[in-house]
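Here come two complexes built around subunit A, the first alongside subunit B, the second alongside subunit C.
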Partner chain A sequence: MDVVVCLKQVVDPELPARDFAIDPRSRRQAREGRTLVISTYDEHALEVALRLKEQTGGKVTTLAVGPQAALGEAVRKALAMGADEALVVDEPRAPEWLGAEVAPVLAAAIRRIGPVDLVLAGCESADWVERVVAPLLAEALGAACVTFAARVEPADGGVLVRRMADDGVHHVAARLPAVVSVASDDANKPRLPKVKDIVAARRKPVTVVATADLEVDPAWRLPAPEVRGVTVPPRTGTCEMLGGEPAEQVEALVRRLRDLKLL
Partner chain B sequence: MRELTLRPTDYYQLDELLDDDARLVRDTVRRFVDREVIPHIGGWWLRGEFPRHLPAALGELGVLGANLPVEYGAAGVNNVTYGLILQELERGDSGLRSFASVQGALVMYPIHAFGSEAQKRHWLPRLARGDAVGCFGLTEPGAGSDPGAMQTRARRRGGGWELTGTKMWITNGSLADVAVVWAKDDEGEIRGFLVERGTPGFVAHEITTKASMRASDTSELVLEGVRVDDDARLPEANGLRAPLSCLTQARYGIAWGAVGAAAACFEEALAYAGARTAFGRPIAARQLIQARLVDMLTELTKGQLLAFRLGQLKDAGRMRYTHVSLAKRNNVRMALEVARAARTILGAYGVTLEYHAMRHAANLESVDTYEGTHDIHTLVVGRDLTGLDAFQ
Partner chain C sequence: MAGTLVVATALDGTLARSALELLGGARSLDAALGGGVAAALIGHGLGLVEAAEILTRHGATRVYRAAHPALTAGQTDAVLAAVAGVVRRTAPAVVLVAADTVGRELAPRLAYRMRAGLLTECVSLGADGEAIVATRQVYGGRAIATLAMSSRPVVISVKPRALDAAAADGTGTVEDVAVAIDEAALPTRVQEVVREQAERGLDDARIVVGGGRGLGGPEGFKIIAALADALGGAVGASRPPADAGWVPITWQIGQTGKTIRPALYIAVGISGATQHVAGVSGARTIVAINRDPEAPIFSLAHLGIVGDYREIVPLLTARIAAQRGG
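== the complex of A and B ==
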C-alpha cells in the first residue's frame, strides 16, 4: 500500500510558557528562535503508515509544506523513523496558513506524487486545532474520508478503521483511495528512530518543489477564515481548601466538581 | 522582541554547534531514557537489580558502540554524537551508562582495534545488537591504579593458553557472554583474551553489598586453569598500552556521561527550588539557594564545553589521553558536587529515591573512583604538565 503522510511543523508544544508569544502582525504564534517539531498527531499518522507498510509492503512518502530550511529536521526525523522518501513544498508563507489554504496545495502535491492508496494526517494540528485538512483534502482528491482513526488495518481493497467518537468506537470500512486523519492510540505510539537509521536517512530521497511548480486547482481553493485577533488567556488560579476527614473531603470534592459541571 | 528563555541545561547554546544528526540522536536517546528508564530506575536501584531487558533495547536503538564502523553492525556516528548518547544514558543512571561504556569502549573497541577479522565478524554485530553482553577484566583485588602489577597469568599449553587469576570490580561481569581478560604471559607481556561464559574454570560472583551503582552488575571474575585456544587471544594486543587505550575510550564517554548526571540533578534542584516554599516564598528566591544554583549551572556549563571540545578533538584525531584525563577528572568531580548540592537543596526529600540526586551522588562516588581515580588523573595531567613522573 502506497501511503502519503502529511506532516506539519509546529512550535514545540513543550516550549516554556513564558516564551509563547503572538506575533501582532501575522496574528500567529511567534516561531523565531523556538524549537520546531512535527505536530503531535502527525507523528502518530506516520506511525500508522509505517505499520501498514510493514504489513502490506509499499512505500511511505512524507509531505510537508513550509519554509524548506526550517523543515529539514522534521523531514529527517520522519525518514529516520522509516519513511521511504519525502516531498517538501517550499512555501515561506505556510506558517501563517490555515487549513483551508494549505489543503489545496497538499492536494496538488499528492497528485504530483502520483497514484497513492492512502493519505494520512494527524486529526488536528498542535497549534490551530482546526481539524479541517483531512476532509478538505479528501474532497479535493475525490477520496473517501475517515477522521479520528485510532487504528487502521488493511482489508480487501481498502482499510478498516477503528474510529474514536463521542459515543464510543466506530468500526468503518473505507475503499481506496482514502484520506484518514489519525488520533493517538497505544497502537500508534510513534517509534523512536534508530541511531543507524538517523545516519542513513541522509541518503534517502528528498524532493523539493515550490508552490508555483504545483498545479493547484482553483476550484479547490476555499475562502480561509480571517483571524481578527488572538490573545493568550491570562493564567489565573485559585485554590480552594476542602476541610474535614478524607471521606468528607471526597464528598465535598465531588459536590464541588458537580457544581462546576466538571462531572 | 523579548529574549527567549535560555534552557538551563544549554545555557551557552551549545545546541547550535551540533549537527542535525547529533541533535536527533541525542533527543531520541533522551526520549528513550525518559520512557524506559527514569520511571523505573529508583526501584531497580533499590532492589540492586540490573534491568536485563535493556541491553537488547539499547542494541535495537543502535547506541551500543555507536562510534564504531557500520560494517560490523555499529551505527558509525561521530564522537560528539557518541558522547551525547552517553550523556543521555547517564542522565538516567550512571549504571546504565556504565553498561554501555563497557560494552562499547571496553569490549567492542578492543575487539575492533586488536581482534582478528574472525573475532570482529563473530562478536561485534552480536554486541552491537545487545544479543551478547561483554565485560572487561583488568583490575584485580590487589591491582587497581597499578594494572601492571596484575597477578593473572596466561601460560602456553600446547597450541593454546591457560588463564589463572582473579579480576575485581568488573561491570557486567555476571551478565557477560564474553569477557575481555588481560593477563601476563610467561615473558611478562600483557595479552588480551576473549573468554566465553561457561568455559570450564571461569566463574563470576556478583558483588551485592554496594551502596553505589546498585542498578549495575559489578562482579568478581575467577579464572582457575581456564583453557582457551590461541584464536581466543586478541592478536594485536601486546603490552599494557592495549588495555590502557581501551580505558581512554571509556573515560571519554565518562566525561560526557557525567554531564548528563549533573544535568539531571541540576534540573531537579531548580524545579524543586521554584516550587518549594519556606517562609512564604519559593526557596529559589533566597540568596543561598540562588548561589548554589548558579554555582551548579556554571560548573555544568563548563563541563559541557569541555566535553564538546574533547569530542571535536577526538573527531579530528587530535585527542590525547591527557585531554581525556583532564575531562574525566573535572567532569566527574563536578557532577558529584552538583549532585550533592542538589541533594542539599531538595532537603529531606533529597534522600529518597523518588528524587534522583541522592542516587546520582551515590553512583558518582564509584565513577569518581573507577577508570582512573580523581587522584590518578591529577598525576597523569601533572606528569604531562611538568615532565616529572609522580608514579615512580
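== the complex of A and C ==
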C-alpha cells in the first residue's frame, strides 16, 4: 500500500508555561527560540503507515508544508523512523495558515506524488486543533474519509479502521483511496529510531518544491477565517492546600466541600 | 439564501442533546443577523416524530425531517448526503453542526461542498455587523482565539456543552424531505459499534473523579471508582490511561477527549497538563490529589492535597460513605 503521511511542524505543545507567548503581530504562538516538533498525532499517523507497510509492502512518503529551513529536523526524524521518502513544500507563510489554507496545497502536493492508496494525517494539529485538514483533503481528492482512527488494517481491498468515537469504538470499513486521520493509542505509539536508522535516513530522498511549483486547483480553496485576536486568559484564583496527616487532609476537604454545598 | 440551519441528529433514534445547544446558538445569531432558524433532522425510526416536536418547541420554525434507515450512529457519508440534500433545498447562510464524532467530519466536508467558510470547535458565537465572530480554544487550552467570517455561507461546528440550550417557547412546522442514499455506493461503512459508555454518564455528571497515569494501572481506577460511587459521580481519565486501555476511550477528558462542566472535578494522579485541564476548565470546583507538591495541577485547582492517592482516596471514600450512611 502506498501511503502519504502529512506532518505538521509545531512549537512543542508541552513547552513550559513561561516559554509560551503570543506574537502580537502574527497573532500566533511565538516560535523564535522554541523547540519545534512534529505535531503529536502526526507521529502516530506515521507509525500507522509504517505498520501498514510492514504488513502489505509499498512506500511511505512524508509530506510537510512549511519553511524548509526549519523543517529539517522533523523530516530527518520521520525518515529515521522508517519513511522512505519526503516531500517538503517550502512555504514560509505556512506557520500562520489555518487548515482551509493548507489543505489545497497538501492536495496539490499529493497529486504530484502520484496515485496513492492512503493519505494519513493527525486527528487534530497540536496547536490549532481545527480537525479540518483530513476531511477537506478527502473532498478535494475525491477519497473516502475516516477520522480519529486508532488502528488501520488492510481488509478486502480497502482498510478497516478502529475509530475512537463519543460512544465507544466504531469499526469502519473504507474503500481506497482514503484519507484517514489518526488519534493516539498504545497500538500506534511512535517508534524510537535506532542509531543505524538515523544514519540510513541520510541517504533517503528528500524533494523540496515551492508552493508556486504546485498546481493548486482553485476549486479546492475555501474562504479562510480572519483571526481577530489570540488572548491568554489571566490565571485567577489560588489553590488552598490542605495540610496535615492524611486523616486531617481528608477531614479538611470534606469540610470545604460541604461549605461549597458540593456534598 | 438566508437564515441559520441547525443540523440535529437522531442517529440512535433519539435527538442528540447538542441539538438544543445549537438551537440556542442559532437563535442568538438570528437575533443579530435575521433570516430565521430552521433545523435539518437527520436519523431514522419512530423517535423522529418526537424529535421534530422538540426542535420546533425550542425555536426551529421549520424542521426538515430526513429519515432513512442508513442514518445510524457514525454513518457520516450517509449523514453528509442527507444534510447536503436539505442544504441544496434551503440554501442557508449559516449551518451549525455539533463537533461530535459525526459532526467534526461533517462540518469541513459540507463546507467544501457548499464553498463555505469554516469555523470549527467553537465555544461562543456572536455577530459584529455582518461578520460572524466565534471563539475557540487554541494551543492546548492556553489561549482563546477570536475568529471572524464575513462571507456567506458559513459552516460552524460547536463544541458540545459550550452553549446554553434554547428555551422551550417556540412553535414551528415539520416537513418531510426525501433522502436518496445508495448504501452500496457509500465509500465508508460502519460495520460495528462497540459501545463503551460509562454507566453513569460522564458528560452530564455533577461530580467527576478523574484518574491519571499516577494511578499506575487499571486497579487504581477501582479505587477512584469507589470514591465516585460514594459521591454519586462518574469516573473520567487523562489521556495515558485511555491510550493504555486501562479505561475505555470514552472516559478521556481534555483537548482530544471530552469537555465536561461538572460542579466538582477531583483530579487524582493527574499532573495538570494544559491539554487535560482544557476539558475541565468549566468545572466550578477542582480538587487535586497528587503526591508531587510541584505538580502544575496545583496551580489550577481550588483545593489541593499532597499525598499518595492510595492512602488519601480510600479514607475519603470511607468518610463520605459514613456521612451518607449516617
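Here is the rule we go by: the second predicted complex is superposed on the first by the 236 of 263 C-alpha atoms of A that agree within 3 Å, B and C clash if a C-alpha of one lies under 4 Å from a C-alpha of the other, contacts with A are read in each partner's own complex, and residues count from 1 in each chain.
The definition used in the following text is that a contact is a pair of C-beta atoms (placed from the backbone, for glycine too) under 8 Å apart; a residue touches a chain by one contact, two chains touch by 3 or more.
Here the structure is a predicted model, which is why all the values come from computation and not from measurement.
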item: Subunit B versus subunit C as contact partner of A:L253, first or second or both or neither; value: second
item: Which of subunit B and subunit C A:E73 touches, first, second, both or neither; value: first
item: Which superposed partner A:A30 touches (first subunit B, second subunit C, both, neither); value: first
item: Contacts of A:D19 with subunit B and subunit C, given as first, second, both or neither; value: first
item: Which of subunit B and subunit C A:V199 touches, first, second, both or neither; value: first
item: Partner contacting more residues of subunit A (subunit B vs subunit C); value: C
item: Those residues of subunit A which subunit B touches in one complex and subunit C touches in the other; value: none
item: Residues of subunit B touching subunit A in the complex; value: 1-2, 4-5, 20-21, 23-25, 28, 31-32, 60-63, 66, 70, 75-77, 85
item: Residue ranges of subunit A touching subunit B (in the complex, touch as defined); value: 16, 18-19, 21, 30, 32-34, 72-73, 76-77, 80, 192-199, 202
item: Subunit A-facing residues of subunit C, complex; value: 12, 73-74, 76-77, 99-101, 104-105, 107-109, 111-113, 115-121, 131, 133, 136-140, 142-151, 187-197, 207, 231, 239, 243-245, 248-250, 255-256, 258, 263-264, 273-275, 285, 287-288, 296, 298-307, 311-312, 315-316, 319-320, 323
item: Contact set on subunit A toward subunit C in their complex; value: 13-14, 17, 20, 22, 27, 29, 41, 99-100, 123-124, 126-132, 135-136, 138-140, 143-148, 150, 160, 163-175, 178, 183-186, 189, 222-233, 235, 237, 239-243, 246-247, 249-251, 253-254, 256-257, 260, 262-263
